[in-house]
Amino acid sequence: MPASYSTNMRFKFPALALVVEAVIIILYAFFITYDDGANSRLALNDTKSPDPFYKIYPSFQDVHVMIFVGFGFLMTFLKRYGFSSVGFNLLIAAFGLQWGTLMQGWLHHFEDGVIKVNIFSLINADFSTAVVLISFGAVLGKTSPIQLLIMTLLEITIFACNEHLVTGILKVKDVGASMTIHAFGAYFGLAVTRVLYRPGLQDGHENEGSVYHSDLFAMIGTLFLWMFWPSFNSAIVENPDGQYRAIINTYYSLAACVLTAYALSSLLDKKGKLDMVHIQNATLAGGVAAGTSADMMIYPYGSLLIGFIAGIISTVGFKYLTPILASKLNIHDTCGVHNLHGMPGILGGVAGIIAAAMASQQLYGKGLILTFPEARTPIVQAGYQAAGLGASLAVALIGGIITGFILRIPFWGQPPDQNCFDDQIYWEVPDGKPEHEDLLSSEHGKQKTNAEP
Amino acid sequence: MPASYSTNMRFKFPALALVVEAVIIILYAFFITYDDGANSRLALNDTKSPDPFYKIYPSFQDVHVMIFVGFGFLMTFLKRYGFSSVGFNLLIAAFGLQWGTLMQGWLHHFEDGVIKVNIFSLINADFSTAVVLISFGAVLGKTSPIQLLIMTLLEITIFACNEHLVTGILKVKDVGASMTIHAFGAYFGLAVTRVLYRPGLQDGHENEGSVYHSDLFAMIGTLFLWMFWPSFNSAIVENPDGQYRAIINTYYSLAACVLTAYALSSLLDKKGKLDMVHIQNATLAGGVAAGTSADMMIYPYGSLLIGFIAGIISTVGFKYLTPILASKLNIHDTCGVHNLHGMPGILGGVAGIIAAAMASQQLYGKGLILTFPEARTPIVQAGYQAAGLGASLAVALIGGIITGFILRIPFWGQPPDQNCFDDQIYWEVPDGKPEHEDLLSSEHGKQKTNAEP
Amino acid sequence: MPASYSTNMRFKFPALALVVEAVIIILYAFFITYDDGANSRLALNDTKSPDPFYKIYPSFQDVHVMIFVGFGFLMTFLKRYGFSSVGFNLLIAAFGLQWGTLMQGWLHHFEDGVIKVNIFSLINADFSTAVVLISFGAVLGKTSPIQLLIMTLLEITIFACNEHLVTGILKVKDVGASMTIHAFGAYFGLAVTRVLYRPGLQDGHENEGSVYHSDLFAMIGTLFLWMFWPSFNSAIVENPDGQYRAIINTYYSLAACVLTAYALSSLLDKKGKLDMVHIQNATLAGGVAAGTSADMMIYPYGSLLIGFIAGIISTVGFKYLTPILASKLNIHDTCGVHNLHGMPGILGGVAGIIAAAMASQQLYGKGLILTFPEARTPIVQAGYQAAGLGASLAVALIGGIITGFILRIPFWGQPPDQNCFDDQIYWEVPDGKPEHEDLLSSEHGKQKTNAEP
């Protein structure tokens, strides 16, 4: 192990985590209070319950499940990296939601020196962690928890600024965040992993694969993401009919996406067999791609069409594009976030541009002004949508490159190449190494039993 | 492998899936639109929010979890068929909900040439997939994805017709669908598996069993079905007090069923040990059996009684009836759907007949006319209930037989006997066959270890 | 095996379960009816829907998931005790909720000879099972299902009395039940396990450890508990702003707790590695500790502070206190419930005392009388809070000791020492013993094979 790798986290990691948490508590003491509806002193002033949180609380919990179980288990497909996948996912999200509350509060609703938190704050805080979890998928197996905490801090800061620019200043519509979360998180993560490029992993790594049961654990993540995606895309829509449409559109987009992902997975295999990587990931592309236009009048057939295309490009991406990115551009994307969040996110942004351009008084009635803020003509709004997509991609790439260079500092305890994709470098693993290997990979079992001819 | 088995799906399966999806999109473009509450142009006409979808959206999501995680993981108990169980479950359900939306729409609420979809459409579409997933349990491990897509298309079509006959025309009460979904799906599936009878499997198959962790994966399915069953039985009840009763009744029926399923599982084993098959399945029979009468005034003790009986007959069925069906009638029921959905479904139908016959003005007050549509006397309604049960069983058996003969055409790529219950015929399985075996069955591991010096 | 161990449950267990269930049904027939909102005869009397159950039904389902999936899978970490963990959890909870409905009904809202059940009855019934499931964690692996049914009966009876004393008579605030459920369940279980002390397990047991995938199964439990804890702490809060605060406070307390649990887990390991035991358990201490004060005006920074401390004491407890309790006091706590529920429960009680003492008209406005019942001064309420904590601990310890002595009767079929922590004594385990062992632990596989003649 080169001297530059100092992977014992004993003091660095606890010190960072405790200091960060202490600073967060101090900042909360100064800046964060309850929104009026949750404030005993103010809630009684009007008896009409102005913020009926119980209407949206179930959607919040669905999003919560997507963040912690969905993303967490989706990444457990690696045979020896399950503890890290689900464990670092929890760490990133728990820290990220605290920091996200502050960043989004300061930028979006900072009044009289305080940020008032309500149910939408919690949902948006969860959303902000999703950005980092997507990027985490790109660097999965190659980073230390210290690096991940730093990435969380930097990425949520940059994300919140871009989000404020795109949805706050430019008034771009992106209710399901195809652009501001999915494409942003993917390209940010791809930029980071490019900067952290490891030539030693160019020819693959023995641990970078699944075993039978790790693939089943990953399906837990897939399914909870798939099922609750309608809540993700609808949770923060303000007008009720738009929220309703977002649920319906996302439901159908995801369903169509499953059919094309399965079809392409079989079609692209020379024996016609299905590939678990595609099923775990490409079936979700319909949720990503429906994000921007989810609350628009695209009709169920429009949603199906978006899902149809998303399932195809995602599966094709996993089959052909990921290997090319790795071999030609030195971009090693562990989970294939480019195929699940990157390209479908751009597709979602483009679908939003088209849907905005096709908006009309005839289609939306009086709801036009509710769906599209300000009195922009459809074509102007379409232009803003395009600007939002461009801004998200540009900020993500620049932010990811800067973050990547900061994470390259050897002090943060990244694993040496041979210990990548292996829990044992940061976790106590039951039964020690040999038994663990034997249980998880029979290839090793075979090697050990060298006695075979 | 006989020439008649052509299990390479490379072109047949993708072609079928893509064509089916394309046709669906075209049909949606012509027939499907948003319900008024989700239509920007119409939603603003009345400000009172006529369809407050957020009240029922959480129940929809519970049903959604039952369909995709519940049914999917329940079937992962087989040691080498987890990918197919959870993966084909997703495929069937994603296609089924699209087709179910159309079939139910055309039959139940086709007006002015369009079908308006709302939150109840999504719930009913999910319900329609449950029928197929139940039948899938009967043929699990013995069918190709192509056969499953065809079965989905045919079964949902026949189901929707029977549902329209029973609940639409005969005005039979079946809110939790003991008869129209559970009994229907079970007997349909039993008829299919009878027609597809494979003499080669008569003496059992080495893969038709569980390993330790596959049984734990199956418990994920069991528990999500068990917990959310009150939502399944109450989601589409129209009058609020009936919906409330359906939740309470199902909650207690399931609880009682657990006690009797555990008791019988121990009692029927000569060493008094519990059997995971019973725990995974028979504990759910209380939810099935409470379905028809869930919104009736059966009182909590009535619900407990239904669950008490359901747990007993289901466990006894698994122990004694399933082997007899297989050996005497050549009906091989992989998951034992006859015990979980078939007999408890009939029990539910019978409980509904009794509860309807015992209805009275004294018991229901003015709610009588809300609970039982039209001004039928209780005894007349009980007669209709019996007719609904009979119709569901008859249509299921006839429909299943016809479907079975269609699925017997060798072109659909069904697996040869020796490859049944094995993912590898339709999936890329990590590490190839020997490793896979080694991981899952340590018998092999031991054999190999013996070779150690 | 000593003659005193008669572990064949074939007649004892089924007889007990069936008799208990039959008695429950009779008691329900006499005592339990629907609340007015779910009663067809009464629901129509007022059209305003006085008990809008749909507002709280999603929170009920979240609690339901915590009980059945959360607690159930959290305990599957043991390598050979997964069937029992998730299976006995289901058995205890299904029986407990039926008995809890009766006990809580008789004590809290028994009017005109009947108990009217509504959505809050279901939530409270689920809560009552949580007490037993916490105690189950302390005796995990060392008790028979018969003992567990008896413990459920006794513990819920004692719990309901203490709950009535603390929250009903003393009017102590404990919305998230840090004291009445968590501390109570933990110290009750510790008392039981002390009385059931087995010298033969003093030096550890080969089965008392995890394997790689059992630790991942346990994370399913951890995450569902973690995510839905805001629902647990808020579900039964009556005033809307208090309920809203309980959600927000718990959300932040849990997030802070994750950071300190991870930090301490690494800090206390000599190689700085994370320990799955801490991640699975100590990350939840923030939810326990926020319970009593969840609906008070503690502000988000106060919640973070509670979580910060909870994560530290819980992790330190797992590292240092659990071994000391076992070696010095002969208290063997299988799951470490003292660290997850015991100490954090006391911390929660203390936080409640402080928060009550600091309450003021200035802080709460007119909401003061809603948050604190009756016109007590803050310092008087703080005294009552302290009394509630003391009562809960005292009743738990005394009740646990009595229950322990009843459970010591050899007739109940407890396992002999060498069969502890092993499913095979009460379950049919797939593939028989050798394969099972080999699959789960290759250390054993190797040892055994070597030793074989």
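Chains here go by letter, A, B and C, matching the order in which they are written, and residues are numbered from 1 within each.
Everything that follows uses one rule, which is that a contact is a pair of C-beta atoms (placed from the backbone, for glycine too) under 8 Å apart; a residue touches a chain by one contact, two chains touch by 3 or more.
Source: prediction; values computed, not measured.
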Same-site or different-site touching of subunit B by its copy subunit C, using the half cut
different
How much rotation, in degrees rounded to the nearest 5, is required to superimpose subunit A onto subunit C on the basis of Cα coordinates?
120
Please work out the Cα centroid separation of subunit B and subunit C, and write it as a whole number of Å.
32
If a residue has to touch 2 or more other chains to count, which residues of subunit B qualify?
58, 213, 220, 440, 445, 449, 452
Considering the complex alone, what residue numbers of subunit A touch subunit C?
8-11, 13-14, 17-18, 20-22, 24-26, 28-29, 32-34, 37-44, 49, 51, 53-54, 57-58, 61, 64-65, 68-69, 72-73, 76, 80, 82-83, 86-87, 90-91, 94-95, 97-98, 117-119, 122, 145, 213, 217, 220, 426-431, 434-436, 438-440, 445
Could you pull out which subunit A residues touch subunit B in their complex?
55-56, 58-59, 62, 79, 209-213, 215-216, 219-220, 223-224, 226-228, 231, 240-242, 244-245, 247-248, 251-252, 254-256, 258-260, 262-264, 266-267, 269-276, 279, 283, 297, 299-301, 304-305, 308, 362-368, 370-371, 438-443, 445-446, 448-449, 451-452
